[in-house]
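Structures for review follow.
Paired with chain B in one complex and with chain C in the other, chain A is shared by the two complexes that follow.
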Partner chain A sequence: MAERKLIDARGAFCPGPLMELIATLKLVEIGDEIEVLSTDKGTAMDVPEWVAKVGHEMVGTEDKGDHWSVVVRKAK
Partner chain B sequence: MSDKPLFILICSQEHEKIQMAAMMASVAAVSETPVHVFVSMGAIYAFQKGLADDARYQGGAFSDVLKDKKAPDAMLLFEQGKELGDMTLHACSMALDVLGWQEDDLVDNLFDGSMGLTKYLSDAEQGQLVTL
Partner chain C sequence: MSNRILIVGGGLAGTIIANGLCRQLGKELRTGKVSISMIGTSDQHMYQPGLLYVPFGKIREAELFRDQRKVLDRRVPYHIDPATNIDVDAQKVTTQSGKIYEYDYLVIATGSRLMPQNIPGMEEGAHWFYDLEGARKMRDALTEFDGGKIIVNVNAPHKCPVAPVEITFMLYDFLNDKGLMDKTEITYTYPIGRLHALEPVAEWAKPAMDEYGIKYETFFNTKEVDPVGKTITSEEGVTLPYDMLVTIPPHNGAEVITDSGLGDGGWVPTDKKKLLREGSDNVFICGDTTNIPISKAGSTAHFEADTVIDNLVSLLTEGRWARDYDGKVFCFVETGMKTGTYVWFDYTTPPNPGAPSQMIHWFKLAYNRLYWLSARGLL
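Entry: the complex of A and B
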């Protein structure tokens, strides 16, 4: 059964949240989801760009007011 | 981002340049772009083993901001890029020679060896070269 992991990268600067996401993706199973919380505005744009480039799946991006929530599904 | 290799030649010890090199190298490497970093001239000082964080880079106003805000350290970004992506780092053999340094004098687990500029530039003809 697919799981969802949470990375709280609030306070980390570019490219910290992306690097944390990638390190965690290496550890989870295909189909699992990872939610990244980030106060870095670039994360909301950079993560979808990276996901499209390398072939994972974007689940969604949400503006939570004081931070962003970005959810990615491991596809390969 | 292109799948052609990215070649990043770092000559400066300035914090903002080494930070930019580390950001470009790590993000490109984890985005399936092979990255080859060449460290020469004054930049080699920033890669010396055993330095305190505040002695590693040459300062400036933006260096103070990077330190105050605890931006990810450039050495850590290079390490992550190597671990998670396709990245090599080589020290300029001339820079090591003039300083009388060996590869052992450089930060552990980062470098793939030393190389001459001629070989690096020859390899760089296959891709994009950025100099900082």
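Entry: the complex of A and C
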């Protein structure tokens, strides 16, 4: 059964939300979802751009006021 | 009642904690109220950042090593007997020899390890400098190198996040001094959409690489290396040819962490302020072993270790917490063979590196020796 992992990268300057997402995707199964919380507004653009390049799936992006929530599903 | 503190891991984090505790708990150690012991994997302590200089013959290998028992306070028994299972419910650690160590407080500082084998062809086709054997091989390859395409390839996750840009600019200076840059092309690849995770470092590196004619490829996550055809291909669908491939391989945490069910990939879920394992109140996690979204670096381990020391001492002597870890990280950045800068940040302060200077480069060279004072808990 697919699982969802949470990465709370709020306030993380290095390695940052996208690098954490890339590292975590290597540890989960196809079909699993990863939710990234980020205070870096660039995340809402960087993550969908990378996901499209590499062939995973965007589940959604949500502006939570003081941070963004970005959910990605591992597709391959 | 005695409080037994067991430290698993003899790297920088574990060693600073052991020595720092000894400095503050002299009376408790003397009277037997506290005992501290350490389990490690090697009789040698290695200064890992020094590996950066090995490919260029800029450091003597002997400078990288000290006898771990001499670095450790003599009041800490050191057992070279790798941990094979950590049972946080039963509060005991089993080692390769079959011994069982029980504890009241546990510090897990088992670090990270290189995993080039996770990427097809990488072990056969690439050089790296993150361990001594690799750094020696890279030094030999550089001695033979007489021009061609060099790729500096970065993979996630990895420790020492500034090392990839350092090695790139040092390679440029090294080859330029040898008169080889007119027939050499250096290409730097990075997993995300800019040249470094730290935005100010990326903003500094881009014009510097442009000035030196260093090419770059962002959004490059390695899928495979063809060691025969000498190409490297990314998950994003880009293939680059190379004559010499220098990689920062992906990392995992220690095998004992996954074998003990303590965390995927060897990273232990950790409270980012208290540095306690999630779900435990007597298991501290320090250094690369945590899953905190923060740089895996010696300075991170150092500042975390200082927090663990203060809290353990305070818990044992006063029954209260002393302070939270504030996320502080400080990294020197070598910007070539003759200049350097530094960057620091914490959970609330963004990084803001200054202009590179010769003085900071010299200070980094001095720190290469001052490190041993850090490990001893003096700096």
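Just so it is clear, the second predicted complex is superposed on the first by the 74 of 76 C-alpha atoms of A that agree within 3 Å, B and C clash if a C-alpha of one lies under 4 Å from a C-alpha of the other, contacts with A are read in each partner's own complex, and residues count from 1 in each chain.
We take it that a contact is a pair of C-beta atoms (placed from the backbone, for glycine too) under 8 Å apart; a residue touches a chain by one contact, two chains touch by 3 or more.
The structure presented is a predicted model; accordingly, all values stated were derived computationally and were not measured.
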> In the superposed arrangement, which partner chain does A:27 touch: chain B (first), chain C (second), both, or neither?
Replying inline: second
>> Comparing chain B against chain C, which has contacts with more of the residues in chain A?
In response: C
>> Once chain A of both complexes is superposed, is A:50 in touch with chain B (first), chain C (second), both, or neither?
In response: both
>> Which partner chains sit in contact with A:12 here, chain B, chain C, both or neither? Use first/second/both/neither.
In response: both
> Of the two partner chains, chain B (first) and chain C (second), which one does A:72 touch, if any: first, second, both, or neither?
Replying inline: neither
> Shared contact residues on chain A for chain B and chain C?
Replying inline: 12-16, 18-19, 22-23, 26, 46, 50, 53-54
> So in the complex, which bits of chain C are touching chain A?
Replying inline: 118, 156-157, 161, 191-193, 197-199, 219, 221, 235-237, 250, 264-265, 293-295, 327, 329, 345, 347-348, 350-351
> Which of the residues in chain A end up touching chain B in this complex?
Replying inline: 12-16, 18-19, 22-23, 26, 46, 50, 53-54
> In their complex, what parts of chain B are in touch with chain A?
Replying inline: 1, 23, 26-27, 30-32, 69-72, 77, 80, 83-84
> Which residues, counting only chain A, touch chain C once they are in their complex?
Replying inline: 7-9, 11-20, 22-23, 26-28, 46, 49-50, 53-55
